[in-house]
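Sharing a structure here in structure tokens format.
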Amino acid sequence: MSLVDAPLAAGVTLGDFLLVAAAGFAVLAVGMLYRAVVGPTMQDRVLAVNVLGTNTVVILAILGAALDEPTFLDIALVYALLNFLMAIAISKFTVERGGVL
Amino acid sequence: METARVWLVVALTLLGLFFSFVSMTGVIRLPDVYSRAHTASQADTLGAGFGLAAVALTVGLAGAGFKSVLLLFFIFVTNPTAAHAIARAAFEEGIVPWTNGDDRR
Amino acid sequence: MSGSDPDVDADAEGDPGGGFGRDRPPRSDGRLDSDRRQGTPYTESQVIMPTVKIVAPFAFTYGLFVTFHGGGSPGGGFQGGAIVAAVVFMIAFAFGIEATRQWLANTVVVALAVGGALVFAGIGLVPVALGGAFLQYELLPIPDPVKYGMEGVEILGIGTIVAGVLMGLFFVLAKGFSDAGGFADADAFDDEVGDGPGVNGDDPASDGGAAAPPPGVTDDGRTGSDASGPAATDGGER
Amino acid sequence: MTGALAALGPAGAPVVAQVTAIEASLFAFVVLTALFTALARDVLAAVIIFGAYSLGMAALYTFYRAPDVAMTEAAISAGVTTVLLLLTLAKTTRIDHEAAFESVNLPAAGAAGLLFGGLMLTMGDIPAVGSPDAPIWSNPDVTQWYIAETYAETHVENTVMAVLAAFRGFDTFGEAVVVFAAGIAALIVLHREVFA
């Protein structure tokens, strides 16, 4: 029996709790989408998407734990890397548009 | 032992949610990109750290737990750097920081 | 706070002496892509470059892990190749594309893509030569032929094709459209000696092409390729 | 924990599908990002928000236990596509706009909405996720064979990879050649001989 099957309360296991927590992180992500859409500057958008990306990494990792599929952590790891790439790429682009690129 | 671990996971997850909520509030409410970058690099890194610690504790430190520790390391290294890159880009663009009396909200 | 106006206005008025943002006056037109931008070229900061130095080896190893371990966990050649290419993108953004281009020669990129395609076709055709069907792994003359045949296709075939083609797309898109009469003769030699802005930069149309960007963009392009040579790898001055 | 989403079935009767909280929030996220990607007036803003869209899709695929698809979405859509789109933007002109959002073309939106509504009416015919009526279970001879026999046949644990590289390897060969051809096509379109 893995840890996610451990009961928390009546009829609620730790896995259920983690899924709800992942949903909570997703709701926070929807909230942060406000800043990504409104801006007003491009840097604000990149920042919001970067924070969203960190949030998504946590969602993916929690999903991996809650569904009891530890290999799903690979996806979170890939995402953590590419989120960083996205942040530095876009932030560099907003400054140097066509220059260093 | 098992019960303690379960409740520790719950506590860590809730802490992670709390700090992510703080970072969301900061990203939405703070007035300019620099203060938002401050939130993004600190509160969000902490939130992700607590969330990933909960994951590491859940899956156990053998095998897949190593991946979550690696993930934690990555987040700790890359997240502040990304915030730095963005704030620096904003500075290069000439965006003026918010000071007292500025009516940007 | 629904539109972009408040920030722009504050930009226009908030700076008393023009001293902020180094030597440039604040932006007043609200444009974020500055084509009027002058001043020292942008080199990555001393925070970003060491971070990339730390992260890139991990990421590269992880891409190889995803490629090689595709048989036992999510992943495979396609994903792993994309991650390996993304590592090259990351290095290029941190250290300058021209420097990366010199470090990772065109030969390597082409060899990855072409070699991958040849290996895939080869693994498929060996069973045909031995009297079977295309990609009939059982006939391969190796131990555990189905497993290692598949791994060979994934790692040496798909992984290298994807990595090579994505890196190539990155480099070729970063260079842009060549208008020097079709297949550019000068450009190839130009890049071989690592002298980016030489012939290419002198030709005003070479960066423009069909899209015809405003003059400012071409200027920026020249400044950037000047700056992102080997000097950019020596560490940002700031 | 679970909510309910009602759709109209073939006979007009409501079909109630269970939607968990995480599905609902991820759906909302994906739909919002897709809408803003389509509506954003500034191309760079659209590219940035499209990155966020791929975040949501990767999480959704992961929740539906399709880790290979999720990883592809993460690797290609978040990292590579964003970078390549940025490079394309860098080499083309970007027009400044007054408005933050596209003005919606009402007839086009109406046509798309009608099509969307019509397609939604057919949703009742599609089995729910994990439903015993899904084709996976109604035709178990074919689908379960792969899960049961893959390891014995190929000595590879990941069924997705076994299907890709062995059971339909010829198709995958075609895909790999398409990727290869894309590189060559980019060279031809951009009038270059080398990737440098």
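Note that the chains take the letters A, B, C and D in the order they are written out, and that residue 1 is the start of every chain.
Just so it is clear, contacts are C-beta pairs under 8 Å (C-beta built on N, C-alpha and C of every residue); 3 or more make two chains touch, one makes a residue touch a chain.
What you see is a predicted model; the values in this text were computed from it and never measured.
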{"item": "Length of the line joining the C-alpha centres of chain A and chain C, rounded to whole Å", "value": "25"}
{"item": "Distance between the centres, which are taken as Cα means, of chain D and chain B, whole angstrom", "value": "28"}
{"item": "Distance between the centres, which are taken as Cα means, of chain B and chain A, whole angstrom", "value": "10"}
{"item": "For chain D, residues that touch 2 or more chains besides their own", "value": "44, 67, 70-71, 75, 79, 83, 87, 90-91, 94, 100"}
{"item": "Overlap residues in chain C, where contacts from two or more other chains coincide", "value": "1, 3-4, 6-7, 32-34, 42, 48, 55, 66, 73-75, 79, 83, 86, 89, 174, 213, 217"}
{"item": "For chain B, residues that touch 2 or more chains besides their own", "value": "70, 74, 78, 81, 85, 88, 92-93, 95"}
{"item": "Chain-level touch network, classified as line, ring, star, complete or other", "value": "other"}
{"item": "Inter-chain touch pairs (all)", "value": "A-B, A-C, A-D, B-C, C-D"}
{"item": "Chain A-touching residues of chain B, taken from the complex the two chains share", "value": "2-3, 5-6, 9-10, 13-14, 16-17, 20-21, 23-24, 27-28, 33, 36-37, 40, 44-45, 47-48, 51-52, 54-55, 58-60, 63-64, 67-68, 70-71, 74-75, 78-79, 81-83, 85-90, 92-93, 95"}
{"item": "Touch list for chain C against partner chain D, complex", "value": "3-4, 30-33, 66, 70-76, 78-79, 82-83, 85-86, 89, 101, 105-106, 109-110, 113-114, 116-117, 120-121, 124, 134-135, 137, 144, 146-147, 150-151, 153-154, 157-158, 161-162, 164-180, 182-184, 187-188, 191, 207, 211-214, 217"}
{"item": "Chain C-facing residues of chain B, complex", "value": "32, 70, 74, 77-78, 81, 84-85, 88, 91-96, 99, 102-105"}
{"item": "Of chain D, residues touching chain C in the complex", "value": "44, 67-68, 70-72, 75-76, 79-80, 83-84, 87-88, 90-94, 96, 100, 153-158, 160-162, 164-166, 169-170, 172-173, 176-177, 179-180, 182-183, 186-187, 190-196"}
{"item": "Residue numbers on chain D that touch chain A, as the complex places them", "value": "1, 20-22, 24-26, 28-29, 32-33, 36, 40, 44-45, 47-49, 51-52, 55-56, 58-59, 62-63, 65, 67, 70-71, 74-75, 78-79, 82-83, 86-87, 89-91, 94, 100"}
